[in-house]
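Presented sequentially are two complexes of chain A, the first with chain B as partner and the second with chain C.
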Partner chain A sequence: MEEGKISSFQLTRLVMSFMMATGLIFPPLRGVWQDSWLTLLFGLAGGIVFALIYTTLCLRFPGQTLIEIYETVFGPIIGKLFSVAFLWYIFYLGAQASAIFITLLTTTVFTMTPRYVFSITWIIVSVYLCKKGIEVIARVNEPLLLVTVFLIVGTLFLVLNLFDPENFLPLWNISLSELLWAGFGTITFPFGLNIVFGLILPFLQQREQGRSAVIKGLGGAALVLLISLLITVGVLGEVGEIFLFPTYQAFRMIQIGQVLTRLELIPTLNFLTMGFIKGTIALYAVSLGTAQLCKLLTYRPLVFPLGILMLIAAHQSHPNIGVSLEMIERVQPFYALPFQLLLPLLTLLVAVFRRLPVKEGQT
Partner chain B sequence: MIRFLLRKLRLARHYKEIPTPLADDSLQKNIEKNIALFRAELGESPDIVIRRFTLKLKKEIKAAIIFVEGLMDQQVVYDCILRPLMLEAKKETRPVGPDLLGFIQENLIPAAGLEQENRLSPLVAALLGGDTVLLLEGQAAALIINTKNRENRASEEPDTEVTILGPRDGFTEDLRTNTALLRRKIGDPRLVFEQMMIGRRTRTIVAIAYVQGIANEKVVEEVRARLKRINTDMILDANYLREFIADAPFSPFPTVGFTERPDVAAARLLEGRVAVFTDTTPVVNTMPALFIEAFQNPDDYNTHFLYATFIRWLRYLAFLISFLLPALFVALTTYHQELIPTPLLISMAAAVEGTPFPMVIEVVAMGAIFEIIREAGVRLARPIGQTISIVGALVIGEAVVSAGLVAAPTVIVVALTAITSFVVPTQQEIGIILRLSLAVLAGILGAYGIILGLLFTLSHLASLRSFGVPYLSPVIPLNIGDLKDVAVRVPLWAMWTRPRVIGWHEPRRQNFGESAPPSSAVEGADLPASRKSKGNKERENLKK
Partner chain C sequence: MYEESMVMKKSWIWLCLFLLSGFTSGCWDRKELETLAIVSGIGIDLAQDGENYQVTFQIIRPDAVLGGDGSAGGGGGGSAQKPFWALKAEGETIFAAIRKATFESSRRLFLSHNEVVIINEEVAQKGILPVIDFLIRDAEPRLSQWLLVTPDQAGEVLQIENKLEKIPAAGIALQMQNYFATSKVRAVSLHEFAAQLLEKTTANTVPVITIIETDGEKGLRLERTAVFKEDKLAGYLDQKATRGLLWVLGEVRGGIIVLDLPETGGKVGIEISGATAKISAAVKERPLKLLVEINLEAILGEKTIKQNLVSPEKISFQEKLTEEAINSEVEAALIQARQLGADIFGFGAYLHRHHPKEWKGLQHEWERHFRQLEVAIKAKATILEVGLIKRPAVPFRE
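For the complex of A and B:
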C-alpha cells in the first residue's frame, strides 16, 4: 500500500502545516477580535484532547489506519459505513482547503482570471505529488514550512513601526458564552482537523512517538498562529474586523522606506504553499483510505479520479467567499464534531468493551 | 505515457540472435592450423601482424607472434620477446622439461605480464587489447604477453573544471593512467578496483573503484549489478554508462555525478562514494550523486573557509537568479507591478513603452537567441567562436534595443541570467529547461504560475533518489550535522565526519577536536593539559 516511512519530526512538521494552512488566512478572529489569543489557546487544548483520543486508538491497534480500525472494531458492514462517512469528511476538507486558497487568489490578486484556471493547475501538481507517496510529501513540506515560519517571524519585525499594543486592550473583554462558542469553533477548525493523521500514523518509523509528534505539531502551529494573530490585531486594530482576509490586510500595511512596500503578495503565495500541502495530505488520506476500504493493493490509481472529484467538490461546495465563511463559522463546528470526536471516542469505548485487539494466545 | 510507448517499442523490436562464440575453440598442436584459426577470426586486416621465426633450444621449433600494430609497444616486443627467443635462447643450457611453454614463461621472456591460454576467444580479446600472443609448434596453448602501449596525451587540467588554486592534473583517455592518478592521491591499500567489460562490440573496459570500509557495500553491489545488466553493443563515453545506470532515466536532473579531476574523484571516494572509470574517456562517473555536489567546487577547499563560504553563498544566489529571474521579471512587469518600488516602476515603464511584444515573448525570445549564440560559440573553432560571441552579444543586444524591438530591462535580465548560469556549470542543462518553462508559466499565470512550477520541481526533486540516497539531502530531509559542508564550509580540521547519507559506515574522519590547530600563538600557553600534550606530540611527530 505505502512503502515509505516518515520520521516523527517530519510528522510534527506535517501536522504544523496542516493546522496552520487555513488558520493563517482565516484566523480565529471573528467576533472575539482582541481576545482571539484566548480562543486560540482554548482551541489548542481541545485539539490536544481530540488528538489524545485517536492516538490512543492508533497505539492500541499498531500498524492499522483508522479505516482498518473501524472495520476491526465494528465489523465489516457498520465499520465500512463509518469509514465511508469519515472519508467523505476528509475529502470535503481537501476540497475546502483548495477552494479557500483559490478564493483568496481570485478576490485579491487575480481578480479577472476564472477560478477553474487555478483549481485545475493546482490539482495537477497535487496529484503528481500525491502519487509519490507520504515520504515525498513530508520532504516537500520541510522547506515550505521553514520559509513560512521564517516569513511570519520576520514580518513581526517589519511591522514594528505600525504595531500598537493598545489594540489588545481591554483584556478579557468577552463573556463566557462568547468565549465558549468561539473556542468551540477554534477546536473544530483548525485544531480538530488533525484526525486526518489517524490515516498516516502507521507509516511512522518510531510508532510509539506518534502521539507526542502530533501534539508537538499542534503546539507549533498554535505558536505560529499566535504570532500571526499578534501581527494582525496589533497592526490593524478594531477596524480590521471588516476585512475578509485580515492577515492579508495586515501584510499589506508593511511600509518601510520606499522599497519594502505592498509586500502582501509574498506571504499570500507562501500561505498558498501551505494550503497546497494541506490539500495534498487530504487527497492522499482519502486515496489511501478508499484503497484500504476496497482492499486494493495500491492507492495510486485512485489519486487522479479523486483529485478531479475534489476539484468539482471545491467549486460546488464553495462557490464564493460568503458560503465558505458561513460554513466555517456556523455549520462546521457541528458538522465536524462527529468525525473529530464522537466516532473515535465511540470506537475506543467499543474496543475497550470488546477487549480488542485480541492478543495472540487468547481466544 | 513514455513508459507505454517504450513498452510498445519493445514489442515491435526485432530480436536478432547474437552470434555466440563456438563452443569448442581450443587451440591445436599444429602451429599452421592455429595461425589459420587466428586468420579466420581476425581477417586479413593489415594492422594484424603475424611474425614467424624459429626458436632454437635443443632442437628447432617453429614459432610465431601475433600482435596488432599500433596497440602494442614496439620496444617491449623487441626487448622481451624477439631478442630473448631468437638470440639468447641459443645460449640456453638448462634442461627443457616436457612443459615447453612453462619453461619459456619462467626462464626466457622478461616481460611483466605473462599468461597461458588455450582457447581462441580470450586470446583474440587480449590481442585486440594490445597484448602479444606467442604460438609454438607442438603446443596446444599460447602465451599472452603484456605489451600494451601506454602512450597517451599528458595529464592536463580539464577545461570543464578549472581551479585557481589546487592541482593541475586531470584524467586522460587511458584507464591505467587514470587509476594510477587516483592511486597516487589515495595511498590506502583498501582502495579497490574491479574491472569488467561492457559493450559487445566496443568491448570497453570499465573499472569500479571504491575504498573498502568507507563505501557502503550495498551501493557497490548495486553499481555492480546495474553495470552487469547493461547489454548493448557500444559504450563510447562515460555518459553512455550514465544513462544506462541512472535511477531516474527520464529526469533532467543528473543522478550520477561525474568529474575529470583526480582530486575531486579522490575526495568523493573518501566520502564513501563509488567511482566508475571508463576506458577511452577522461570523464569518471561517481555515485551516489547529490544535488548539492554541483555547488561544491574544489576551490572551496583550497581557499580560506570564510571566503569559501561566502563564495558558496554567491553560487547559490547565482543559481537562483539563473532560473528564477526571467520568470520573476515577467510576472512583476505583467501582473504585479505594485510590488516594484514606484521610482523603479516609472523608469521601467518608460523603457518598456513602445516595444511591440508582450514581456513573456521578449524574455523567451531573447533567452532563445542567447542559447543559440552560446551553442554557436561552443561548436565553432575557438577564434571564430569568440567573434560570434562579440557579434551576437554586442551587436544584437545593442541594436535590438536601439531599434525599439525589445526593452532595455529585458536585455539586462537575459544577460544577467546568462552570466549566472555559468557559475554552476553542472546544473546548466537543467537551468535552461527550468528558466524557459518558468518564464512561460509566469507569462500565463503570474506569480501563481511560478509558485506552481517551483512546487512541481520541488516535488520531483524530493522524490528523486540516487543509489538509495535522497537526492536533495542533507537539506531535504534535513541533517543539521551535514550542513557543515553545505550551508557553510567549516575549517577542514572541523570536518569531523563524512556526509551521513553516504559515508555512514565509517563516519569518523578524525577525532573530535584532536587535530584542531593550537588555539594560542604562544606555544601551549593556555591550553588544557590534555590538549597541550597532544599538540606537543603532534609537533614532535612533525619534526621527525
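For the complex of A and C:
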C-alpha cells in the first residue's frame, strides 16, 4: 500500500502546512475581525483536543489508518459507511482549498486567465506527487514551508510602519456567544482539519511520537497564523474585515520609500506552496483511504481519476467565493463536526467498550 | 535492455520539457506597456442628465513625457503635445464609464498607477459609496491613491497643466504631500476613507481643490476641507478649522502660527516643528467632558518689531500666545463640526476604543451627545530654538 516512512519532524511540518494553507490568506473571521487573535487561540485549543482523541485511537490500533480502524471497530458494513462519508469529507476539503486558491489568483492577479488553467496544472503536479508516496510529499513540503514562512511572514514585517495598536481596541469587543461561535468555527476550520492525518500517522517511523508531532504542528501553524493576523489587523484596521483576502491587502499597503512597493504577488505564491501541499495531502489521503476501503493492493491507480474528480468538484461545488464563504462560515462548523470529533470519539468509546483491539493470544 | 530503457526514459523527459516550455512561456494576463493607457488621475462628475457619471481620465502619454524637453527645445513645427490626455466617458456606473472609454481610446485603461481621485461636489452630495466600492473592489486601483473634492468640474481640474510636473495628477499628489508646510490640508487616502466609512460615528474629511486663475493662467489650489457624513458631503471646514482638526488628531507636522503682539502691534511667526495630541475623557459626567492635551515644539521663525524677544520672559510670553492661538484654531474646528453635527475628530471612536462600556449607552444618540460635548483644550507650547541670530538687526545702542 504505502512503503514510505516519514519522521515525526516531517509530520509536524506537514501538519503546519496543512493548517496554514488557507488560513494564511483567507482567515476565517466570522465577524470578529478585531478579536480574531482570540478566536485563533480558542481554535488551537479545540484543535488540540480533537487531535488528542484521534491520536489515542491511532495509538490503540498501531499501524492502522482511520479507515481500517472504523472497519475493525464497527464491522464491515457500518464501518465502510462511516469511511465513505469520511472520505467524502476529505475529498471535499481538497476541492474547497483549490477553489479558494483559484479565486485568489483570478480575482487579484490573473483576472483574465480561465480558472481551469490553474486547476489543471495544479492537479497534474499533485497527481504526480501523490503517486510518489508520502515520503516524497513530506520532503517536497520542507522547502515549500520554509519559503512560505520566511517570504510571506518575513515580508509582512515590512508593513509594520503602518501598524497601529489602537486598531485592537477595545480588546473584548465581542459577546461571549459571538466568541464561542467564532471559536467553534475556528476549531473546525482550520484546526480540526488535522483529522486528515489519521490516515497518515501509521507511516511514521516512531509511532509513539505521532501525537506530539501533530500537536507541535498545530502550535507552529497557530503561531504563524497569529503573527500574520496580528499584523494584518493592526495595519488594516476595521476596513480589513470587508476584504476577501486581508493578507493580500496588507501586502498591497507595503511602501518603504519608493522602492519596496507592490509586493502583492508574494502572498499569491502561497497557492504554489501551501495550497499545493494541502491539495496534495487531501488527494493522497482520499486515494489511500479509498484503496483501503476497497481492499486494493495499491492506491496509485486511484490518484489520477480522484484528482480529476476533485478538480471538477472544485469548480462545481464552489462556483463563486460567496458559496465558499457561506460554506465555511455557516455550514462547515456543523458539517465538519461529525467527522472531526463525533466519529473518532464514538469509535474510541466503542473500541473501549468492546475491548478492541483484541490482543494476541486472547482469541 | 537496461540501457535502452534509460534512453527511452531520457527522451521522454526531454519531450516533456520541450512541451512544457510551450505552456509556460505564455500568460493570459500579460500586460504589455505599449498596449496600456496608464491612468494617473480620475475625475468624477455628474453627467448632463444628473443621473449618470461622467468620468474623466488623465492618461499619461509616455512618448510625450519622455520627449517633452527635446520638442520644447526644438520648438520647430506644430504645437507640442501635452504629456497627458484627458479622456471623458459617460456611464451609469464608474466601471461602465471606464469600459466605455475604450470607444475613444486605442488602448485599455490601466488603473494601477492612478494617484488621485477627484470628485465633484454634486457627486459627493449624492454619496460616493458607488465610487468607493468600485475602487476598492477592483484589483487594479490601489488603496494609497488620494481622494479630493472639487466645487468645479472634476474634468476641468484634470485638464489643467502643472507648472512644474509633467503629469498634473502626480503634481496634485505631491501638492497634498506638502501639507506639512502648513498643516492646513488633510490628505486622505482611499484606505483611510474606507476605514472611516466602517466606523459608525466618525465623519470623513477630504481636501478640496479649486481652479484659480492668476495672470490669465489657470492653476490649482488646495483649500478648505470637505466634511462627509457617512458617504455624503455635508459641508466644509475653513483652513483655520482644518488645522484645528489636525491639532486634535495629532497630525500637525509643521506650519507657521502668526501671533499678534499686543501693544507694539508687531507680529511674530512661530514655526511648528512637531506636535502630539492626547485625548482623555470624563465619561461619567453629563454632558460628556473630553480633554485634549496638545504638546507643541516650536521655533521662533520671524518677527516684525525692533525689540528683542529672546529673553526668557519674552519667550514664555510668546509660548502663552501660541497656546492661545492653538486654542482658537481647535475651537474653530469644534464650532464648525458641531454645526455640521459631524464627529470629524473621531471622539466617538476614541470612546468606543477606550471606554467601551459607556460607549454602549452613547452610540445610538452620538450626534446629540457630540453637539453637547464639552471639550477642554490644554495646549502646551515650547519654543526650543530662536534661529541663527540672537537679536534683531538694529544698531546696538539706539
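Rule of thumb we're sticking to: the second predicted complex is superposed on the first by the 357 of 363 C-alpha atoms of A that agree within 3 Å, B and C clash if a C-alpha of one lies under 4 Å from a C-alpha of the other, contacts with A are read in each partner's own complex, and residues count from 1 in each chain.
The definition used in the following text is that a residue touches a chain if its C-beta (ideal position, glycine included) is under 8 Å from a C-beta of that chain, and two chains touch if they have at least 3 such contacts.
Quantities reported herein were computed from a predicted structural model and do not represent experimental measurements.
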item	value
Partner chain(s) touched by A:D164 [first = chain B, second = chain C, both, neither]	neither
First, second, both or neither for A:E208, with chain B first and chain C second	neither
Touching partner for A:E238 - first (chain B), second (chain C), both, neither	second
Which of chain B and chain C A:L129 touches, first, second, both or neither	first
Which of chain B and chain C A:M253 touches, first, second, both or neither	second
Chain B versus chain C as contact partner of A:V109, first or second or both or neither	both
Partner chain in contact with A:E326 - chain B first, chain C second, else both or neither	neither
Of chain B and chain C, the chain that contacts the larger number of chain A residues	B
Touching partner for A:V117 - first (chain B), second (chain C), both, neither	both
Chain A residues contacted in one complex by chain B, in the other by chain C	109-110, 113, 117, 121
Residue ranges of chain C in contact with chain A within the complex	23, 27-29, 136, 139, 142-144, 191, 194-195, 197-199, 352-354, 356
Residue ranges of chain A in contact with chain B within the complex	7, 10, 105, 109-110, 113, 117-118, 121-122, 125, 128-129, 132-133, 136, 138-140, 142-144, 258-259, 261-263, 265, 269, 272-273, 276
In the complex, chain A residues that touch chain C	107-114, 117, 121, 166, 169-170, 172-173, 236-239, 241-242, 249, 252-253, 255
Residue ranges of chain B touching chain A (in the complex, touch as defined)	335-336, 338-339, 341-343, 445-449, 451-452, 455-456, 458-460, 462-463, 470, 472, 475-478
